[in-house]
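Paired with chain B in one complex and with chain C in the other, chain A is shared by the two complexes that follow.
Let's look at the complex of A and B:
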């Protein structure tokens, strides 16, 4: 009952994100495979599809961020006064908000899965290539869930805490970009991003090849 | 005597300029206590400490004999709270707000909520953010009452409202107090308004409790008391406390 109440309220704020995101993500795989015909060389198709490798993880992160923002939007506007006056343990309330966010995030993720399956199923690929709709959709879902969880945790703190964490992240990125710019080839930006995204750890999901079609 | 609210040596520092100092307040069960004090005296901060929005730096708070905030979830189920400013999500309709509240309060009275919506002439389909100030106040009061709370914490519930809406809200509050023996702590600038509502007042100044007294002791109750008797008593008491060095300089 409480979960449904939270879900209904969260839907008010999340629908401006989740409803269009569901439609866009369902259509995106068709855009990725646009221009792919059996007459094309496999290497051409790989190049065409490979250009989305940077876009898809960014979209997953953005989706996670927007759903996390909308999860806390109402409470933040009311300075959490209503939420904190409710007869429920704080950790339980946060858990309900998190679960509701996951439920709402499921719609765009299912939209993407449906889109990838349909796009691959209706597109004739050159010989030697095959589609990986389930793998890409699973990868996209994992990245979006991870981004949602991270941003949800950051935003669940006070604005000051969230500001400090986000500020540190932005400062680290700025420093590394600066170092990479001033001393290319030395220890710098590429190493930083490799450590964060490429090393062993959950964030490595954002790196690597995000392709719908492969050999 | 059983107390609905007991605070013992509660202190809270809110930034550099203001602090609640060594607050020891007791409100008996069934009592209607008016909470008076000048602007910035700490009334809202103290009510926020009592509802758990703020955590005291020192001291103990007990609500119905139970430690707070240790047992906050159980205690808050019995507390109706009307904050100084509207706190509901502006995008939700009145009906959605009431449905949300119902999910959280085990003693929620649906029939009573519906009757209050009709009596206060609130449009349940209207978004909370689009309501007038008076209508928002009505929704907050009716939501707090429909919880069927044992304790009501009201932070300036009628501040800035026109006399008609104010009278409507006060009438409903009076009926609730009479019929259900609910304990009320109500802060207000409108001292004369509290005269017909409260049995006791507590006066705060500069974050400290400077006086508590029954209306009877202040000569502000009974047929002989004039309409401004409480206001006169309040101003007199506050001045005396300041001269004694209890409140603000």
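Let's look at the complex of A and C:
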């Protein structure tokens, strides 16, 4: 019951984001595959599709950020008076906000999945290429979820918490740059980015090939 | 009178122009053949020079032995190395095993120059540039890595100019064949020419054109069957075209899109002037596939068929018909190619785990307390 109340409030604040995002993401795969015909060479198709490789992770991150911002918008506007008036622990209230944010995030993600499946299903591809609608949609959903959680955590905390998170990031950059300066060649400047974007790094989901069509 | 002469000259030039494209093409072909003959001749002389140089190296090894270097010999590999923990003997044994597996009998009959390896303390810069070693390595290098260093420095020369020319360099064993196969797949699948794409998708015969496996003087229009292919060839060669006779057909082909002009351009190009459909990676990966399939005597069979079309040579090396070799190679390429679908479930689970971690961080905050 309490969850539904919070969801309703959160929907009022986030519908300006989630409703257009759902429509935009449902139509995006058709835009990606625009101009793709079986007569084209794979290199031409990959050129068309490949231009979206950098755009899609950015869109997932932006979607996560906007939904996280809208999750806390009502509380920030009301200076947390509503939250303080409720007879529940803070962590439970935050959990409800988080769950409501996830529920609202699901609409654009489902829109994207539907769009990718329909776009690939209705587009004839050159021989040798095939569509990966489920893979791309799963990847986009995971990235948006990650971005939402990260920004939700930063925005939910006190300025102190946000400062700690940013401080850790700055410290990592400083250590990386410092070590690269003191021992060039031993520890490259790109290692920090490898740390967060490569292997098991927290943002590794954003790296790699984000393509709807591939061999 | 002079006016008449000028008119006559202009008329003759106009008549001669269409012929000159084909005529110059033939002249260029002859020139290419002549130069290929010279290259073969120089290659033979180079082989003799290498043998003489190798013979001259032997006293050098004795000199070095007196200077604190000791010899290590495994098969035809002759190495001089200083006293250090560097596992030279093990590395040389591994290198020789790889070389004999790849070159077969050819490795055992080829004289290789002495290789001087100096092992140095990895924690010190002293002696890192002694000047008289062929290669200086940290002495904590594992034997497997050292083996590849040795191979890099001492590859038996094939002495086969046409093979080297086709493969874009002398044949060299590689540690990871799948990487080469993956690159070859990308090269062909995303080739701007239709034959490259056809080769990996459905038509094995297209591989013969794409990889130049047929006659040395192939029909260029068969290699570039579509007007789009031919126009791309014209666009590719127009930058470096020095042949004034090709200027007009090139302009007609590129600007006006006249396919007849494109065909004329293709017909006038010497064999060496036709752009490559498949690059070095594709050819080398096919060569490696043939040698891997053919067993220990594969390289000898490859050299024994020198002068024949490359397709025949590779089939002989592999010990199977060319179509079978190409089919097997294509399957290997497909398996080795990375795809977007290779994004694993593990990556997704990892992403969700990180998201949950950030979610837990949000729960642990203390901006206000209600209890």
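Methods note: the second predicted complex is superposed on the first by the 178 of 215 C-alpha atoms of A that agree within 3 Å, B and C clash if a C-alpha of one lies under 4 Å from a C-alpha of the other, contacts with A are read in each partner's own complex, and residues count from 1 in each chain.
Simple rule for what comes next: a residue touches a chain if its C-beta (ideal position, glycine included) is under 8 Å from a C-beta of that chain, and two chains touch if they have at least 3 such contacts.
Computed from a predicted structure; not experimentally measured.
Asker: In the superposed arrangement, which partner chain does A:95 touch: chain B (first), chain C (second), both, or neither?
Answerer: It touches chain C, and chain B stays clear.
Asker: Taking the superposition as given, does A:52 touch the first partner, chain B, the second, chain C, both, or neither?
Answerer: neither
Asker: Quick check for you: in the superposed arrangement, does A:214 touch first (chain B), second (chain C), both or neither?
Answerer: second
Asker: Contacts for A:132 in the overlay, against chain B (first) and chain C (second): which applies, first, second, both or neither?
Answerer: A:132: touches chain C, not chain B.
Asker: One more residue to check, A:142. First (chain B), second (chain C), both or neither?
Answerer: Only chain C is touched by A:142; chain B is not.
Asker: State whether chain B or chain C is in contact with more residues of chain A in the superposed arrangement.
Answerer: C
Asker: Quick one: classify A:86 as touching chain B (first), chain C (second), both or neither.
Answerer: both
Asker: Taking the superposition on A as described, I'd like to know which of chain B and chain C A:5 touches: first, second, both or neither.
Answerer: first
Asker: Jot down the residues of chain A that show up as touching in both complexes, chain B in one and chain C in the other.
Answerer: 84, 86-89
Asker: Please name which positions on chain B make contact with chain A in the complex.
Answerer: 51-53, 72-79, 81, 83, 87-92, 96, 99-100, 102-105
Asker: Sort out for me which residues of chain A touch chain C in the complex.
Answerer: Residues 41-43, 46, 80, 83-84, 86-91, 93-95, 98, 126-128, 130, 132, 135-136, 138-139, 142-143, 145-146, 148-150, 152-153, 156-158, 161, 165, 200, 202, 204-205, 208-215 of chain A touch chain C in their complex.
Asker: Which of the residues in chain A come into contact with chain B in the complex?
Answerer: Residues in contact with chain B: 1-2, 4-5, 8-9, 12-13, 74, 77-79, 81-82, 84-89, 92.
Asker: Residue numbers of chain C touching chain A in their complex, please.
Answerer: 185, 189-192, 194, 197, 200-202, 337, 339-341, 343, 347-348, 350-352, 354-359, 361-371
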